[in-house]
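Down below are the structures I want you to see.
First chain A sits with chain B, and in the next complex the same chain sits with chain C.
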Partner chain A sequence: MADKIIEINNLDISFKTTAGLVHAIRGINVDLEKGETVAIVGESGSGKSVTMKAAMGILASNAVVNSGEILFHYTDDDGQPAMVDILQKDKRWIRNNINGRRISMVFQDPMTSLDPTMTIGKQIMEGMIWHYKTPKKEAWDKAVGLLKEVGIEDAQKRMKQYPHQLSGGMRQRVVIAIALACDPDLLICDEPTTALDVTIQAKILELIKKVQKERHIAVIYITHDLGVVATVADYVNVMYAGKIVEVGNVNEIYYDPKHPYTWGLLSAMPDLDTDDDRLYTIPGSPPNLLHEVKGDAFAARNKYAMKIDDEADPPMFQVSKTHWAATWLLDPRAPKVQMPKELSDRIERMKEAVRSAGKSID
Partner chain B sequence: MPENQSTKEPILKVTDLKQYFKISDSYTVKAVDGVSFDIYPGETYGLVGESGSGKSTIGRAVIRLYDPTDGRIEFDGMDITGKMSRKNENTLRTRMQMIFQDPMASLNPRKTVGDIVAEGLDIHHTYKTHEERNQMVSEILKKVGLSPEHRSRYPHQFSGGQRQRVGIARALIMNPKLIIADECISALDVSIQAQVVNLMKDIQQETGTAYLFIAHDLSMVKYISDRIGVLHLGHLLETGTKDEIFDNPLHPYTRSLLSAIPSPNPIFEKGRISETYDYKTSGINYSEGTYHHISGQHYVKCTDEEFNKWNS
Partner chain C sequence: MRKYVLKRVLTAVFTLLVILLVLFILMQLMPGSPFNDEKLTDDQLQLLYEKYGLDKPIIVQFFNYVKNMFTGDFGVSYKISKNTPIAQLIASRLPISIGIGFMAVFIGALIGLILGIVAAIWHDTILDTIATIISVIGVSVPSYVFALALSFEFGFTLGWFPMLYSNSAQLSSSILPSVSLSMFTMASIARFTRSEMMEVMDSEYMLLAESKGLSGRALILRHALRNALIPIVTVLAPLIVDLMTGSLVVEKIFSIPGVGSLLVNAIQSNDYNVVISLSFIYSAMYIVIMLVVDILYGIIDPRIRLAKEDG
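== the complex of A and B ==
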């Protein structure tokens, strides 16, 4: 077994609200090895951000962890391999040992995640000085190096500037530089490019990929954009209503999806070759998790739903060594159902494009 | 694509539109700098560009939320630049409608959906009896996939997709000939986006309304539009049918924009590097360019020299 960096096992979280308990995360499992990239895909409210906030120990105060563990593997201060369950540690320990130091996070909107009253340089050096007591001179030099690494020219000058003096793409580069300042083992990117233009988005994704390769760190992407996922991810987890409904490597998810929700997500997004008259849509909207879900949470929106979907939640069925999906359609007793034609046509087209470019699908 | 386009009169004709914002005595932002395009009845014209390129400003100038600095906007054969006659203003305010980006911010939280949708009717007194008004509201709600019972509810009682349907109903009830959709799906989830886009297409087929579709999601723009205009820094750099733009992009900016679109094809995506385009170092001066005809309806804004270079 290669080096695991984080294992989320059977995580289950509720939120206390005035309207009652909202069961936001309903037993999820995520594994990640060093140097890998995993993407968590889902609509808003599916629980993807909450999962990662739990891993960072920054859950809102009304959150209740019902069960589960988040095991994080790291090298401790004496250079020994160590493992910790983040959910069992207090905020202070996490603050000192995990946040920004071993796991850091890149948020969606760089204008809100940067402090408008602090210079860029000070914000990059902050973490190093706080965590490692790096001397100021050394921290300054390292920060300049980081700015160059993330592709900012005139680094010396930028160090003394404030966030409002930079463009959106530049700001997100600064946020990435801050995240890398303490040499983390794991980088969590929560919708890192949603607030950016498409040209800048492409550049930021290329940057994160480059940094990941050079530093050999693990990256978790949280996003709803399947185009972004195809660009960056090794493995994909598709989340729906607080559960992971399909997991597999990126080729399995895009060329051989099994769950009707994944079918819907993939076909609802037009690609450049889509010329169908209508887009395939998933009817309705996600369930309200305030009410306990009976059976499969997706059943109400699923035109392939069977009687059993209303009664029992499907287990994860194994498709291949790395590919699992939670849908009763994969049960041997279920009728054989094909994915929607729009999608199978598109997958055929994509495979054709890959073949004609002389690459192979494995 | 509407047939016999050359014989049809455009519903909207924008000529050399300029929209400047004076910040101080010495500083003026030229948000839109000499943009011309036409929209024909029943078609969808997509405007794309990065933030700050002026696409929303164009939408707002066209519907006269702003006073254009210079240029001419003709809607349905009448001049709507400068001071309008009462009759023209009335026509503009009924026959051109707008759908906004964030439905929560654009719907009055203290009004019922029925009143929100009927506001245009109330202002323009287009009904005779109260029953007629309610009848019209119910019909339009049904058309956008809501039910008449939703009339008495408030915006917060709806989901994001339903709220955007209310926004569409509000625009539709005036029987518009042109709807300006300013990023109207970007705040919605992927699965909901598809529902709204399908609805917009259905409505267009049924009512023959034209759309000015402003967005930054290029795959969606390509899917919904008949023709596309590419904006950058207030200049319309390239315009043409969607196939002309996507199959044969000429301007380096268009090319960099298209190369940046992520596609859901992982094997392809892994090795792809997007083209870089920087206006400052590209040596291109947008203001010196004039429109050059390439083929069909495909035009690019550049100097003669650049045109020869790119088109070779």
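== the complex of A and C ==
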């Protein structure tokens, strides 16, 4: 077994709301190895962020963990390898040992995720001073170094500035610098580019990639943007209504998707190389998790749904060593259904483009 | 920043002059004169008017008053304390009102902040409910009811504090009136702090700070409180002025020789100069406190401070 960093097993979370119990996460599994990148893709409300907040121990107070474990592998203070189930630890332990130190998070909107009344420098130094009692001078120098690492010029000057004096892209760089302040092993990026200009998006992704490579850390992306996933991820988890419906490496998900929901997501990506002037959307909306879902949660929106989909939730069918999908279409008894013609054409075009760029697709 | 303050001060001076003019016109509209005595003949009245310059046109009176004001002369009292210079009359009373008011603001703001923070951190728990009940009582029950209740309980029954204000025991005899005056401020600040804190604690930057691994206390003190304080400072300002200018009824209950009762007496007896000077001082205090709040704002909120430096 390679060096695992985090294993989320059978995680199941509900939220107590005034309307009743919302079953937001319905048994999910995510594995990640050191230095790798995994993306969790899904619509808003599919439970992507909740999963990551659980890993950070910062779930909202009305969340109830029904079952599951989040195993985190790390090196303890004595330099010994250790493993812990984050869900079994109390908040204080997570705060002192995990948050910011070993797992840090990059948030979605840099316009709101920095404290407007604190200087950039103080916000970067805060974590180091908190966890390691780093002397002020040393923390300052390290923070300046971090700012340079994330590509901010005039680092000395920026240290004394406030968030509102920086542009959105710069702020996101600062958020990344904050996340890196305590040299974490795992970086969770929650829609890191959604709130940014398109021109800045690519630069921020490049930055995260560069940092990951240099520091050899693992990264989890939470996103609904398949374009982002294609450029950064090694593995992709497609999430729908609190469940992972398809998982595979990035080529498998893009070139050989098996789940109708993944087909829908891929078809819904804007594409310039088509004569079709309509943008595809997946019909309907995700189910309300306030009510227990019977059968496959995607069935109501799935034009390939079969009778069984209304009765039983499909298990994960194995497609290849790394590729799994939860759809009854993969059952040997199911009729042979191919992905929509438009999508297969499109995948062919994508493959062609990659080939002509001289890259391998396996 | 300096340019900004200078601009604000000049505006304030101009505002005060306008207020003074309005006060003069209002005085003219008041029925009667300071010398409403049936025994005075018309000739005697005329003599009195001439003596105090009240026979001149209003605009001349106004400019004379402004001119005298710059030399610290606010005129004399016509009625309440005959021929005593206003400055002297107020000088003995204003500090008492301000002292009690300051104490009330301090008590109210401090307890209000604590209540609000507690209610926000443990929102929807019993602590929140208790804080809300205290706030509702504080806002809805008038200060003189508290004054009477406190005076009876702690002054009369228990005898812990003097029931009446006395110059020989200023601090202990100020406590009951200050506490009764502070209830409204405390309640308003508590409610406002609660809602501001809740909003701030819900923000993304609190989540980011939390994800750094900070403890609850560090989160509240370093990140939440400072951001929540910005709007709180704004509501505090008018409350401060309200309290500093004295409360008539509470002053009566504790027989405090403050300015609240002086103003009411002066209005009833048409003592022009006293009314004008007191109203003027109230306005000036208000403007000064607003100015201070504005500057304070800049200290708390870098966005405002830096914008001012640029402008």
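In the analysis below, the second predicted complex is superposed on the first by the 359 of 362 C-alpha atoms of A that agree within 3 Å, B and C clash if a C-alpha of one lies under 4 Å from a C-alpha of the other, contacts with A are read in each partner's own complex, and residues count from 1 in each chain.
Definition applied: contacts are C-beta pairs under 8 Å (C-beta built on N, C-alpha and C of every residue); 3 or more make two chains touch, one makes a residue touch a chain.
Everything numeric here is computed off the predicted structure, so don't read it as measured data.
After overlaying the two complexes on the shared chain, residue contacts for A:Ile129 are found with neither chain B nor chain C. In the superposed model, A:Ser113 lies in contact with chain C only, and not with chain B. The partner of chain A that touches more of its residues, comparing chain B with chain C, is B. After overlaying the two complexes on the shared chain, residue contacts for A:Asn99 are found with chain C alone; chain B is out of touch. Once the two complexes are laid over each other on the shared chain, residue contacts for A:Ala202 go to chain B alone; chain C is not touched. With both structures placed on the common chain, the touch criterion links A:Tyr254 to chain B but leaves chain C unconnected. When the two structures are aligned on the shared chain, A:Leu71 is found in touch with neither chain B nor chain C.
For chain B in complex with chain A, the residues that touch the partner chain are 50-51, 159-162, 189-195, 197-198, 201, 216-220, 222-223, 246, 256-257, 259-270, 272-274, 276-277.
On the side of chain A, the complex with chain B involves touching residues 43-44, 168, 197-203, 205-206, 224-231, 233, 250-251, 254, 264-266, 268-272, 274-275, 277-283, 285, 350, 353-354, 357, 359, 361. The residues of chain A lying in touch with chain C in their complex are 56, 58, 92, 94-96, 98-101, 104-105, 107-109, 112-119, 126-127, 130-131, 162, 164-165, 175, 178, 181. Residues 203-205, 207-215, 218, 222-223, 226-227, 230, 300-303, 306 of chain C are the ones that touch chain A when the two sit in their complex.
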